[in-house]
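Chain naming follows the written order as A, B and C, and within any one chain the residues start at number 1.
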Amino acid sequence: MGLSDQEILHVARLARLRLTTAELPGIRRDLNRVLDYVSQLQALDLADIPPTMHVVNMEMPLRDDVVAPSLSVEEATKNAPQVEAGMFKVPRIVESEGGGDDG
Amino acid sequence: MAKSLWMEDAVTLHELFVAGEVRATDIVEHHLERLNARDPVIRAFLHVAAEQARAQAAVQDRWSPAERAERPLSGVPVAIKDNIVTETMPTTAASRILQNFYAPYNATVVDKLYEAGAIVIGKTNLDEFAMGSSTEHSAFYPTRNPWALDRVPGGSSGGSAAAVAAGMVPLALGSDTGGSIRQPSAYCGIIGMKPTYGRVSRYGLIAFASSLDQIGPMARRVRDLRALYDVIAGPDPRDATSLPDTTDATPLSRPWRIGVPREYFGEGLDPEIRHVLDRHLSQLRAEGHEIRDISLPHTRFAIAAYYLIAPAEASSNLSRYDGIRYGFRRESRDLVTLYEATRDEGFGPEVKRRILLGTHALSSGYYDAYYLTAQKVRTLIRRDFDDAFHTVDFVVTPTTPEVAFRLGERSDDPLTMYLGDIYTVTANLAGLPAISLPVGWAHGLPVGVQWLAKPLADHQLLEAAEALEGLLPPVRFPEEVEG
Amino acid sequence: MSAAFDVIIGLEVHVELKTASKLFCGCSTAFGSAPNSQTCPVCLGMPGVLPVLNREAVRLAVRSALALNCTVRPYSKFDRKQYFYPDLPKAYQISQYDLPLAEYGWVNIRPSGQDVKRVGIRRIHLEEDAGKLNHLGQRLGDAVGSLVDLNRAGVPLIEIVSEPDMRSAEEARLYLTELRAVLSYLDVSDLRMEEGSLRCDANVSLRPRGYTGSLEELPRVEIKNVNSIRNVQRGIEYEIARQAELLSRGERIVRETRGFDDVSGRTYSQRSKEEAHDYRYFPEPDLPPLVLQSEWIEKERAALPPLPDAIRQDLIARGIPDKDVEVLVLDREAYQYWKEASPAFSDDRLLVNWMLSDVSRLLNAQGRTFGDCPVRPRQLVELLTLIQEGTLSGRMAKEVLDAMFETGQDAKTVVKQKGLSQITDESALMQVVQRVLEAHAHVVEDYLSGKDKALAYLVGQVMKETRGQAKPDLVNRLLKEAIRGGQTVSG
């Protein structure tokens, strides 16, 4: 039960990748081969196995609340393709695209 | 001088420099000369910082012997894999999306290199964002194996491996997420180490798979490797996953108990490599070490787990490349189009494949079946090693099932390329330190043996490697080899 | 409210914590600086950077959780919440998903005419704020582009998620007001809605009577980013009416996110939640689990200041009227002003009365708060003491207060400068009283014939003659004595 073209296009949209109809068959073949290969994990009984989220047993180190120097605006924006008034410029945002969750 | 300076190992160069027998300028010039002679064909470097290196050397030549001595890598040329961030040189991760990117900061390891007096020669090629095993997936050009120019140097740290093997630098930094230091080291006949996860700061390493990534040293001699390791290892307040300084300092007692996992010597292993490994094991036995047959039964699930975890984390880590704050951007009329066009043109096919795979593995309804399952398998793999290290000091395996393959041979076959990581990914999944050492030759190409130790036993592993060096073939250069 | 359904309201409140530096880097959190002047590789989401958690942010979050009666988890973790938007530099927000910092708290609210009601808090988690977009154009919809300022990106936030326990816009208002009051006593945040340091999203759904399904399955409308408590209430009111209207017409309510337009008082559709976001949460590999020792948590609990519920009890016990108690409790600065003044003054009712009427009026007129009141608590006490001693009448005291507000001078100084003290010399006053009695003989007769109001008129006349400087009860007594004496003399 591999991924359909439609599912792949959905994933591509989530990842903000554009796929052309020409590259879709190749991508589908490659992805489904890998997914088919990894499906062998489903055979394992993992009910009582905890996941390894961190490979070393560590607790969160904490940083003191001390202000450190920031970059200058010039440094912060020097790699940006489009800057205006010291800010990063982006084109029109179409409302339906959402995002801006907690803004 | 009897031999060219580029042929010397790093520690020797440093000692000659401290003793005032050679100038740093001469060391740098010899290496640049070598680089200029070899790199037009091998293409190990993406960026050569000749002028900066010369300037650094000139400064160091004015240092007193004491100043030279207190910096363990003074006078020593080093190359840096181009997914490690540098302020004075571009950092691209071999991706078009980061073309011409100049970071406003240095990676912690880079700061440490400079503090230690290392002379940074340049940035080396890699598979784009370290995703690949051949360095063919660089957005700019592939690197060639110095031993056979029609073959890949391995990857993703292929540029660093080739540069060290060809004598362009005695030392280089690589990064290892699933074998990206060890596999190219094996293919190029050098030594490469992946330290225990958390021993070397990841701050400034462009993240591929954060829970697996680790920076490590690459060299032709173990003591060089160790010198570089000692400079870069240690806690870093900028990396919350960097370990406090708790290296296991238990001295290593002889004879060593060496575990040979049967799962790493089965189907798929090139018989000639197996032969080289068998000879290595006999030598160890002859040295009085104890060879034990062990089992790491979940190894066969490692690739599947790895190719879920790594792409999942990568899909997240690579989301920041959106054409807004830095990097490549394809101008578009609206934001979504800009995102998609930028990422479409900015990323190569292998990166896109992995982003898609990882996005899918984390998407609603699939997380448990894919990412969570893989992290549980990771626990099983760790437990395998925990059990093994109760009875042995080291685990010894081949580094790769095959020798370096031909350029273009695997590029259209991702899964087969992934399966080539079978012997190396377990160390990343379990966080273990591992070293690949050049142990012999098969089909006229270098063969690597991998030594693994328990977490934090990095120094014991280095100690063992140093003791082993006498059993290994002497260092050679791929001098007259042409494609 | 129609009997056909119940209103179900839950609120998600984001509070910016008052740390000096950001949650995961050392950049300043100060508000109002030049765009992108408070950014670094970490909060710009540069390649290769890593987050390191701010200890003070954890402390402030834990303090908030404890004050809101939550259970703080000894073991919590951070997760990545992923979506693309220009204000989110890494395209993921480091937040907490399945193991939040704290859970299961509550806030008490007091709907008028009803018993105290407990509104549950489901969870509190710590996360980083996003940056700010400045749209080039009037509104997002017709903007030709936007400019991204990342000064706010990475500022620490707590998100406080209520249970869907509120049943009216008024209850939502009370919840928010109480929540803000509790947080204000903790001093964990600036709590300025207009600056975005306190933000509220409201989830509103209508549950038809007899509905037996789960609340989760009810079509829910989320009103996003409303900029004042008043507007949260208005937005909810509008939304209840809108949904009720739809239901009454037999139409379906769409699960969606809506904005609030404070000019029209209406909500408007922003995006449909039918195609819900797939945030692809997964554990943040760059941050180990956050482990909090119970001794440390208990130390923080012990260090909590008195909170509104305890303060209410205390104020009520002092005989302060309920209405005034509420005003004081909900305004931390007013309460602290009172707290500073109270030990030096014997009459809390009088003190509170002056604070909440005359002082408040002057503060409002100048757009000030009790925190920056030009008349300090000690000075107010001095003024009120002059009233108590009879040196000033209430009316004179108001005049003095006005002058104190203007000049910052003490009450006694103002009194001296203006020559404003009550005439307490009885013989001097008696002359005025005699003059008034002579001039208004017919009023005296009215009084003597039993019209009590006539005396008040005479008092007023004496006060007028003395320009208010006479002490009313003294005038009262002298008038009565003089009238009685006059009778004796004439009779």
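Just so we're on the same page, a residue touches a chain if its C-beta (ideal position, glycine included) is under 8 Å from a C-beta of that chain, and two chains touch if they have at least 3 such contacts.
Note that the structure is predicted; figures quoted are calculated from it, not measured.
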**Result of counting contacting C-beta pairs for A-C and B-C, higher pair** = A-C
**Request:** Compute per-chain Cα centres, compare each with the mean of all protein Cα atoms, and return the closest chain.
**Result:** A
**Asked** Centre to centre, by mean C-alpha position, how many angstrom separate chain A and chain B?
**Response** 24
**Message:** Centroid from C-alpha atoms only, then distance chain B to chain C, rounded to Å. What do you get?
**Reply:** 58
**Request:** Could you give the separation in Å between the centres of chain A and chain C, each centre being the mean of its C-alpha atoms?
**Result:** 40
**Residue list for chain C, restricted to those that touch at least two other chains** = 41, 44, 52-53, 84, 86, 148, 278, 280, 285, 287-288
**Fill in**
chain B touches at least 2 other chains through residues 101, 104, 211, 237, 240-241, 315, 319, 322, 324-326, 335, 339, 359, 363
**Asked** Could you say which residues in chain A touch two or more other chains, in rising order?
**Response** 14, 16, 53-54, 56, 58, 60-61, 63, 71, 76-77, 88, 90-93
**Fill in**
In the complex, the residues of chain A that touch chain B are 3, 7-8, 11-12, 14-18, 23, 27, 30-31, 33-35, 37-38, 40-42, 44, 46, 49-56, 58, 60-61, 63, 71, 75-82, 88, 90-94, 97
**Message:** Using the touch definition from the top, list the residues of chain B that touch chain C in their complex.
**Reply:** 84-85, 91, 93, 98, 101, 103-105, 107, 202-207, 209-211, 237-241, 312-313, 315-316, 319-320, 322, 324-326, 335, 339, 359, 362-364, 367, 371
**Touching residues on chain C, where the partner in the complex is chain B** = 41, 44-53, 80, 82, 84, 86, 89-92, 148, 278, 280-282, 285-288
**Prompt:** Considering the complex alone, what residue numbers of chain C touch chain A?
**Reply:** 14, 19-21, 25-28, 34-41, 44, 52-58, 77, 81, 83-88, 93, 127, 129-130, 132-134, 140-141, 143-150, 157, 159, 199, 225, 270-271, 277-278, 280, 283, 285, 287-291
**Item:** Interface residues, chain A side, partner chain C - complex
**Value:** 14, 16, 53-54, 56, 58-73, 76-77, 84-93, 95-96, 98-103
